[in-house]
Amino acid sequence: MGRFVVRRLLASIPVLFLVSLITFGLLWLVPGDPASVFLDASASAADLDRVRHELGLDRPFLLRMGEWYLRLFQGDLGTSLLLDRSVTSAILERLPVTLSLTALAFLFSVAIGVAAGTLAAVRHGTAADQGLMAMALLGLSIPEFWLGLVLIWLVAVLLPIFPVGDYVPFAKSPLQWARHIALPTFTLACVQMGFIARMTRSSMLEVLSQDFVRTARAKGLPEPYIVIRHGLVNAMVPIVTVMGIMVGALLGGAVVTEQVFSIPGMGRLVIGAVLARDFPVIQGGLLFLALIYLTVNFVVDLLYAVIDPRVRLG
Amino acid sequence: MSAASAMADGKSTQDPSRASVFARRLFANRSFAIGAALVGMVVVLALLAPAIAPYDPLKGNFRARMEAPGLAHWMGTDHFGRDILSRVLYGARVSLQIGFLVTLITAATGVCIGAMAGYFRRLDGPIMRLMDAFMAFPSIILAIAISSVLGASVVNVIIALSIASTPHTARVVRASVLVVREMEYVEAARALGAGHARILVRHVLANSMAPLVVRMTYVFAVAILNEAVLSFIGVGPPPPTPTFGAIIANGRDFIVAAPWITIAPGLAILVSVLGLNLLGDGLRDLLDPRMKVATR
Amino acid sequence: MKLKLLALALAAALALAGVGPAMAQKKGGDVVIGMTQAPPSLDPHVTSAQAARNVNLHVFETLYARDENARPVPDLAEGVTISPDGLTYVFTLRRGVKFHNGKEMGTADVVASLERYRKVGASASLIGAIDTIAATGPNQVTIKLKSVQSTFLGNLSSPRAPIAIMPAEEAAKESGKAASIGTGPFKFVEYKPDSHVKLARFDDYKPNPAYKDRDGFAGAKIVYIDTLTFRFMPEAGARDAALQTGQIHLNETSDGPTAKRLKGNPNFQVIPLLPFALQVLKFNHAQAPGSDVNFRRAVAQAIDSEEILAVAHSDIYKIDPSWVYGGSAYHTVRKVPKPDLAAAKATLAKSGYKGEKLVFIVDNNRPNIDTATVFQQQVGQIGVNLEIKVADWPTTSKIGLGSDQGWNFWTHGFGIEPFEGPASVMSPWVNGQSQRKDDPVVDALFEKFNAEMNLENQKKIFNDFENQMTDQAIAINLGDYGLFQVASSKLKNFKPYRIPRMWGVWME
């Protein structure tokens, strides 16, 4: 176990290094630089050059790249060109927003998805099963950002109870936090809910048709007990394995959802940085997202080993 | 429906008996049948767009701007006075084209990379580390970044989305190649002195097609969704090209005042993606009953 | 306490008399403004972006500032004495003006701020005519110019990238690092990128005694509200919804259809702000066919600016070919050209254009994209074939501002220049900066204008400039456009201006 942890951690280093190389490759190729973000359209070439110089953008790319790696080894991700703070603090500021959004969407989609999937499996072949699965498929096929726009429209016109375009930290007011994050969470959870419901149903069906379940039924154990004790526990294994993929999908979805609802999270940070060419933030932001993704996958692998003893690590 | 069965019929010219049996099994699968019907409907409407679209999708009518859905314009008009229905029909052409080409390119690159990684042990490590790196941040961010590097155009959107969806596909191919590689018939071929290329193509790849085909339906669906996201962020195909995403992006400012501009193309995406997902489910049931996980 | 009682009694008396209540200013309250963009920096010197201006001009002030009609008037300065040769400006500073850090503004701060602007200012060329800046008395700063510049006070008071006065120790900091410490009626509280900037009333602020009322960027800036938050919400629908749920009190940028929907709703006030900018269409003269005057003229004859503006800025535009706004002394009444496709085709035939595919670059701001889209349709009718390249602002402006290649057309708003006045309108076309090839007539007119102190002569020069722009079709001014601002009806006494000023307003 210990050796596995060390090996996985070591293996993530080259991946992170490659992530930073890919990012540098993109930054090197991308046209435009942040100097013009400071200026309007009748700026002169001299104005542009001056701002570029002040931002240090007139120095060779490779030199800036070398400096970035040097600083990275000292644990410093550099300073944002536009946000008036270090990249690290810009990221740490946003992280709680994105993490609470994805975590909540995750919990929400797992809770509803597992419940719906189980119900569908238990009522296999009935109208309830078909209805639930149709809904799951529908959820799976909805474009997130479009759903967000439609929800905004509904909020503005029909039920102005959910605030739009703001974020209140949980620590400040749990109730306000919940009100503010409800719509984005729903938007984000929709796709994953469908995904989980379908997965749960199929693995549940498989488990329920197995011998030990039949034995349990023959023993006259109550059906709810069988479903939960034997069915659900065993059906969770494949669900745990896809959690890593899910978190990846949720982070991607959060990028767009934050944009639609004007929430200051990681996604908006990175997209804003890409569109404004805030190089240090792009670099640091992508590295951080990669770190989150790798960590989650690592945890998933550990969990998998805990849940399913057949899996040997190493 | 008719279009989809026509497609299947076209296939059957080579080997009538086996192909028609397979087609019959396919359409006996309800997911596949409904999915094929939906996708077929979208494809047919897209192909017939020039014939059935009531208006020119690019030409605005100055006097009919922002009209709500009605008799003259079934889905209303946008702020240029362009007919939304016509734009959605033409938009389907471009969006489907993007989806289709992304699927083809991804299949090609995914198979090449995945097969090399899976078959040649020495290449496996470096290739998969690189794929891991590409998969370590959300693919949509990768697509947005590539699209801003290349500049917004239909071709560049196709390239960006193909690059973004390749790593996952390569991983799927690699996984099945790893399994097939150890099969007895591959051993046999090797013993008979077949070359790497021949073994890879004739034996390994031919037998790892099933998961790939299923995955491709999802790649298609995701490409349609992601084209819309790119347009929404502002790095999609430039005007006046109508795509599902471009129409939504164009109407987003007026979502509250004129929601119809945004809602119609969104529903079109929904129907297309739903159809493709169902198609994928059906194919998966038939081709690869063991594969339960629908990766998206 | 006694005073307060007296005030109360007075207010009551006024109320009874029936004069006061309509304008009963109320102290307190928090106002939230929904903005489309975030400022690239809160250091006022280093950016000329609109979003930064909106925030920074609540916090910072300048020696001179523009009044309601865009004329330069004293703000932090009491006044100025200009030497007869027009080269020496002696500014007397207002006394007792405090920075938000509690220190009193002095000559050292003014000198340091101006010197800093000359080095790092985003529009440093505004005060490029300055030779020396020196404190010449306890309350006096003297600026010597290299050569006469008729627009010097105008430039000094420009809100573009404001030549803000900051404490000397902040002015010593490098570009982008100066803290938000100014003399303005609001002080900085916090900045959360992609979320908001929060300001609070600066209680030690002494409104300029020379004025009674709000007047442009100058005047008496009296603040009633407690805090002011600028919330960054790029999604138009989100701003709209947030206004309706009461999350924001002012939607700084809204559009025609939304305004139409909310008009008549007693909870909201719809405030048109027209003119806000000109929609300008640029040609690249460094490349064929933009280098060919017949080509440019043909395009100018073919386009229907009414149609373009109606789509891009529905319900809030005015066809006005003058390059300054209606209220300006320099405004000219010019003939509105009618689209004439036959004439355009004939003119195009005289040019060297053979139907090659041309590139129209545009940033991803909807009205600009819409302009390009309608333009493409219109010039397509005379056989001009073009593709639209949409990109983010850094990409588009990098090509358009700095490159002779990769573009033939570009469109964007021209907002602050016409507000600043003729020199600012002319300057982007001097030395071929915007059109990529110099026009000797424009260059000469600009030089003449700068040296001309007489208003009537200045008007004539500017008129000549406008004629030259039209005659040579150097660029096309499609007309004025504006924007709708929508406010909660609780926000009182709001008057739209170049920035959403939050002094003089109160919450009910």
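For reference, chains read A, B and C in written order, and residue numbers begin at 1 within each chain.
Please note the rule applied: a residue touches a chain if its C-beta (ideal position, glycine included) is under 8 Å from a C-beta of that chain, and two chains touch if they have at least 3 such contacts.
Keep in mind the model is a prediction, meaning the values are calculated, not measured.
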**Request:** Please give the intersection of the contact partners of subunit A with those of subunit B.
**Result:** C
**Prompt:** Between chain pairs B-C and A-C, which one is joined by a greater number of C-beta pairs in contact?
**Reply:** A-C
**Prompt:** Where the centres are mean C-alpha positions, what is the separation of subunit A from subunit B, in Å?
**Reply:** 22
**Asked** How many angstrom between the C-alpha centroids of subunit C and subunit B?
**Response** 46
**Request:** Could you grab the centroid distance between subunit A and subunit C? Build each centroid from C-alpha atoms only and quote it in angstrom.
**Result:** 40
**Touching two or more other chains - residues of subunit C** = 235, 237, 240-241, 391-392, 395
**Contacts with two or more other chains, residues of subunit A listed in rising order** = 31, 149, 152-153, 156, 259, 275
**Prompt:** Where in subunit B do residues touch two or more other chains at once?
**Reply:** 148, 151, 234, 252, 255-256
**Fill in**
Residue positions on subunit A within touch of subunit C in the complex are 31-34, 36-48, 50-51, 54-55, 80, 82-85, 90, 93-94, 149, 152-153, 155-156, 160-167, 259-262, 264, 268-269, 272, 275-277
**Complete:** Per the touch rule, the subunit B residues reaching subunit C in their complex are 58-60, 62, 65-66, 79-81, 148, 151-153, 234-235, 238-240, 250, 252-258
**Request:** Under the touch definition given earlier, write down the residues of subunit C that touch subunit A in their complex.
**Result:** 34, 38, 40-42, 46-50, 120, 122-125, 160, 174-176, 191-195, 231-235, 237-242, 244-248, 391-402, 412-414, 416-417, 424, 427-428, 433-434
**Asked** Which subunit C residues qualify as touching subunit B in the complex?
**Response** 235-237, 240-241, 255, 257-258, 260-261, 307, 310-311, 314, 364, 366, 369-370, 372-374, 376-377, 387-392, 395
**Item:** Partner subunit A, residues of subunit B touching it in the complex
**Value:** 129-130, 132-141, 144-146, 148-149, 151, 221, 225, 228-229, 232-234, 248, 252, 255-256, 259, 262-263, 266, 269-270, 273-274, 277-278, 292-296
